[in-house]
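Chain IDs A, B, C, D, E and F follow the sequence of writing; residue 1 opens each chain.
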Amino acid sequence: MRPNGRAVEQMRPITITRNYTAHAEGSVLVEFGDTKVLCNASVEDGVPRFLKGKGQGWITAEYGMLPRSTHSRMGREAARGKQSGRTQEIQRLIGRSLRAAVDLETLGEYTIVVDCDVIQADGGTRTAAITGACVALQDAIWWMMEQKKLKVSPLKQLIAAVSVGVVDGKVVCDLEYTEDSVAETDMNVVMCEDGNMIEVQGTAEGAPFSHEELLEMLAFAKEGISQINIAQREALAK
Amino acid sequence: MRPNGRAVEQMRPITITRNYTAHAEGSVLVEFGDTKVLCNASVEDGVPRFLKGKGQGWITAEYGMLPRSTHSRMGREAARGKQSGRTQEIQRLIGRSLRAAVDLETLGEYTIVVDCDVIQADGGTRTAAITGACVALQDAIWWMMEQKKLKVSPLKQLIAAVSVGVVDGKVVCDLEYTEDSVAETDMNVVMCEDGNMIEVQGTAEGAPFSHEELLEMLAFAKEGISQINIAQREALAK
Amino acid sequence: MRPNGRAVEQMRPITITRNYTAHAEGSVLVEFGDTKVLCNASVEDGVPRFLKGKGQGWITAEYGMLPRSTHSRMGREAARGKQSGRTQEIQRLIGRSLRAAVDLETLGEYTIVVDCDVIQADGGTRTAAITGACVALQDAIWWMMEQKKLKVSPLKQLIAAVSVGVVDGKVVCDLEYTEDSVAETDMNVVMCEDGNMIEVQGTAEGAPFSHEELLEMLAFAKEGISQINIAQREALAK
Amino acid sequence: MRPNGRAVEQMRPITITRNYTAHAEGSVLVEFGDTKVLCNASVEDGVPRFLKGKGQGWITAEYGMLPRSTHSRMGREAARGKQSGRTQEIQRLIGRSLRAAVDLETLGEYTIVVDCDVIQADGGTRTAAITGACVALQDAIWWMMEQKKLKVSPLKQLIAAVSVGVVDGKVVCDLEYTEDSVAETDMNVVMCEDGNMIEVQGTAEGAPFSHEELLEMLAFAKEGISQINIAQREALAK
Amino acid sequence: MRPNGRAVEQMRPITITRNYTAHAEGSVLVEFGDTKVLCNASVEDGVPRFLKGKGQGWITAEYGMLPRSTHSRMGREAARGKQSGRTQEIQRLIGRSLRAAVDLETLGEYTIVVDCDVIQADGGTRTAAITGACVALQDAIWWMMEQKKLKVSPLKQLIAAVSVGVVDGKVVCDLEYTEDSVAETDMNVVMCEDGNMIEVQGTAEGAPFSHEELLEMLAFAKEGISQINIAQREALAK
Amino acid sequence: MRPNGRAVEQMRPITITRNYTAHAEGSVLVEFGDTKVLCNASVEDGVPRFLKGKGQGWITAEYGMLPRSTHSRMGREAARGKQSGRTQEIQRLIGRSLRAAVDLETLGEYTIVVDCDVIQADGGTRTAAITGACVALQDAIWWMMEQKKLKVSPLKQLIAAVSVGVVDGKVVCDLEYTEDSVAETDMNVVMCEDGNMIEVQGTAEGAPFSHEELLEMLAFAKEGISQINIAQREALAK
């Protein structure tokens, strides 16, 4: 039995709230059950130095956890003076995923930075972040079109992400913290709406996983992401 | 005329929401108008090295702003690898203020860390943070008493803070961003419920301020803080 | 046509040289074509603080590139004062992979650090590093057994890794730099000898990849890794 | 009884020595009793990036303590790799205070950096620093006028600072170390010659302070600063 | 008796291998006995900021030790976030020595960076590094001439270096680790082929050294360096 | 002709002032002409970790320059967050030199830290620092004997240092800044009173130097240091 009686393939309730804060061009609070991530998209003129004069834009992401978003308090990265390897790995993943959703040449010489800050953590913060960041990105692009900075939307497709894994020998979808912390395998999948994949990152934390388990995890991920896409579409329709 | 037609001595609406997140022993969202600060109090066993074996506890605070809590995006301190002078100044102020509210010997060998993270900024983030942190601290102490970690509450008194200043030659209370950014003088006052002062920090950003202006600012601060104390009491009564 | 006329599923020549340097308990130079990585395993008494008293050992890895291992010189990380996100991501991957090969309780309270330093880079440095690190780890364990530090080998299985990807619409195995830099998809796979998986990390750098492409990449990876296992076994037999 | 039999409102002897070192455009050793601070003002062409093209100048300050300026040796900040929160707070205070003394538009596109280095500490280093820095600033401005870099002096007024506080229930002026370390309240006041205030920073280290105590501290500060102004004027007349 | 029966004035076997790696413009593995250092010279367009527009080039060096080049593992400087004082001292020495070998005006606005990375350490890594770096520099200059970046070689002379010292009261040449670690005096000498000196750095680790010992050390150094010059010439003739 | 008409072998006037500041166990201002360095020796209980339980003491040094000790302002190392290679090189030199003057076993488990801070720089700051630090060290040791921390002095001998060099083809002693900045060769020599050497560090900044020049520099150094020893002895006799 999973916590709260969830079926193995069942997602937690998904809530996507737009315009959560006042200043960002796109501001989305995304909730996967008790996991809550604030995704703020900021539009900035110009591009990083390595792209100057190449006639394209840039999308990047930063990720952070509030020190007490977790069960016991984590040290503040700003106070320790550096971001952990995990933080960097996650923000690189979010950035890469978002760039796969956007035509950077159509974007032109603008940079969109999406800050994903975890308010409350209960497993799956990176997949929730990618999911919310994509909605915030859409809002930021709509703002740019209103502001006449863009004529055509550079967003090629919505993307979303979910975690799947093997817990107690069973493949499950959308792991919460109590599952994640004991999973034999943990896999994060980022997909487009058409079911093609942008990222697949599977890690055996305990026993190695078999080809069959991999296929089952991917099937659960595909189904979960199609539900997340519905939530994204509904939020964007409001 | 002040923004939104406020009278010179008038505070913005104050909202104090307890139990805002799930994990912290005290978790408070405090709002002064559009300024929103999340204050999470964490109880930890033991004390910092310099206090070991002295039979007393410790209260400290950390402060941060989400990168897009502000009108234009600020660089993330964790990414830059250090906290700004302003951040350090503010978190030192919050920590000192909270320690003035607590009998550290009664607290015993525990540390309470209060994280004040600005979700949305519109002036007065440090005074809102002190105000909310004190409520989160009360919740954390109540939790400790429930857990039988404490028999007697070490909280001596509620504290609260407000900013006052001189804008366009007039003394005003609880400056919002558009006022703060043009103020001739900006002063932060931290007080106990009995009207005694814990901190007074006044700075002439433009013209120096006179003794009379100082007295008028203090009078406004006292009145504003008594209103904040009411909001704190009401929130704690729920 | 691939560079050097390789077939799509064909690995580059693999060379594994043991005892490459004099001081390390395991010292292996691994070559995948022109990619050369020196893997030195060091045995240290004790474990990191978070494992003290838990009756188990620890395996960790560090990764670096000599500044001129690459086509144009990269800044030295020691001089810049921090390791890049990419470096941290890779060394975390190597460490996790090696830990999956070892029974940490059988290892006992020792730490084995494997330093993987890239002498010359031509694509696939992280997969070569994992492959060579596992051989160096075996040598270090044999050294521990000779020294009577261990009675039983904690190595559960050999592990190895290979990169696969989609280049110009075709799935290929063991990408070299000229392929890697233009690949639509890049995937690193870490496997046990029995074909079960430890890590699968696939990233669409260009177009998203389909389920069919994923399956084909996994099949190539399995075949490539079985060849690498042969090279590992041969090197260890000398 | 205060140390050395000082009356509660009495300042320690003040000595201000100009041209203390050879290279700086303004170089002043200021002594408040046994507290000795070297204040060197350096004139530099140009302004920081955030002021470029705005037709104004900039004044900034840096503060440091020699490691053995204190009773027991403090770690060297350069060796620890960062300035403490206290150091940053003090140098921000000195910089703000000096900027309040100067018309930055009249200064034009120059930057004056005032380095305040504590040679020997016995309480009140920040107030001594502000006092000496203002004299060094005057010398630097006179040097600029001699060099024809300025036609008109941008110095609007002399500023000076003193600490006041509550020790053993009594309000006292110009606290030395043995007083400062046990004070219930510590307040630093920066004033112009006309008695208007630039900074008031009062902190209850022990018991909160009352409105009456605040007024008495301000009165002592005003009297102390008027004596410091005399010492500044005399030094500048030489 | 010295280790391996060496005579007091005798060098260890010297091996100099050019083109050791593929990408660098000059790539040399230098071996003094069991000490092995990889010296890669990289040619870069332009000069550091402080030299811009002065019509001259720049030569600089960086030095590092692989963590397990030593008997017991040393922490990785990139992971610790800073280069040790020893590392900085050595790379400054290498850079100064190489600059003494080159006419920087003839070099023109190019920078040559020589990375000296210790693969295996057994005493004398800095002198081996200087020796190998000079050969790598020659290769880089020849490459520049082939590329028509230079018409005339800016290399004025070969330089080489050796360590000498006092061990057990006897002056010896080219100390290996077991000697170096117990030497009373350790001296590094960098010379031109004509016997003139570029650097002399002698340190009494135990007893101070006399004028006579200094003269004997210099004589040994001169003789050792003339042998190294032969090895350099032979390597360059291939 | 040298500046101020000095003869080639002539030292600048040397002044050594003891008890320059109040708190340090040894506090010496040393002046070589216009170069002024404050040397404060601090006695601390215990030794660094790597010496614990070995029954010996430790002497170490730190070096810094006040930002405006130089002709134009240098950035503050504490603000830049790291000490330059030059600073580290100098403080390592001072520490090694002082350790050569002391019997560390006789010192016992104490650490003496000597802070050498340059108040005003005009060439030769490191040699002045070593000279003054030795006097401060003597004072600290006398203080320890008075405090009954030591029965026997561990100071084996006075040490002193001077710079010599080749300027315009002539060997000169005790270079000031205008000479140092154009010298072909710059050499720092640290000697005992008996003329034996602790450190010799000669660098060809321009042309390489010959054996004869080296001998002449050493002769000048010996003569200069004997004069400095007289000044040290006189200061210590007061």
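Everything below uses one rule, namely that a contact is a pair of C-beta atoms (placed from the backbone, for glycine too) under 8 Å apart; a residue touches a chain by one contact, two chains touch by 3 or more.
This one's a predicted model, so the numbers in the text were calculated from it and none came from an experiment.
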Chain hops separating subunit F from subunit A, counting only touching neighbours: 3
Inter-centroid spacing, subunit D versus subunit C (mean Cα positions, whole Å): 59
Distance from the mean Cα position of subunit C to that of subunit A, given in whole angstrom: 28
Inter-chain centre distance, subunit D versus subunit E - centres from mean C-alpha coordinates, in Å: 50
Residues within subunit A bordering two or more other chains: 81-82
Contact graph of the chains (line, ring, star, complete, other): ring
Ring order of chains, beginning at subunit B and proceeding to subunit D: B, D, F, E, C, A
Subunit C partner contacts - residues on subunit A that touch it in the complex: 82, 85-86, 88-89, 91-92, 96, 100, 187, 191-192, 194-204, 207-211, 214, 218
Touching residues (chain side subunit A, partner subunit B) in the complex: 21-24, 27, 34, 36, 38, 40, 42, 44, 62, 64, 66-73, 76-79, 81-83, 87, 113, 115, 117, 119-120
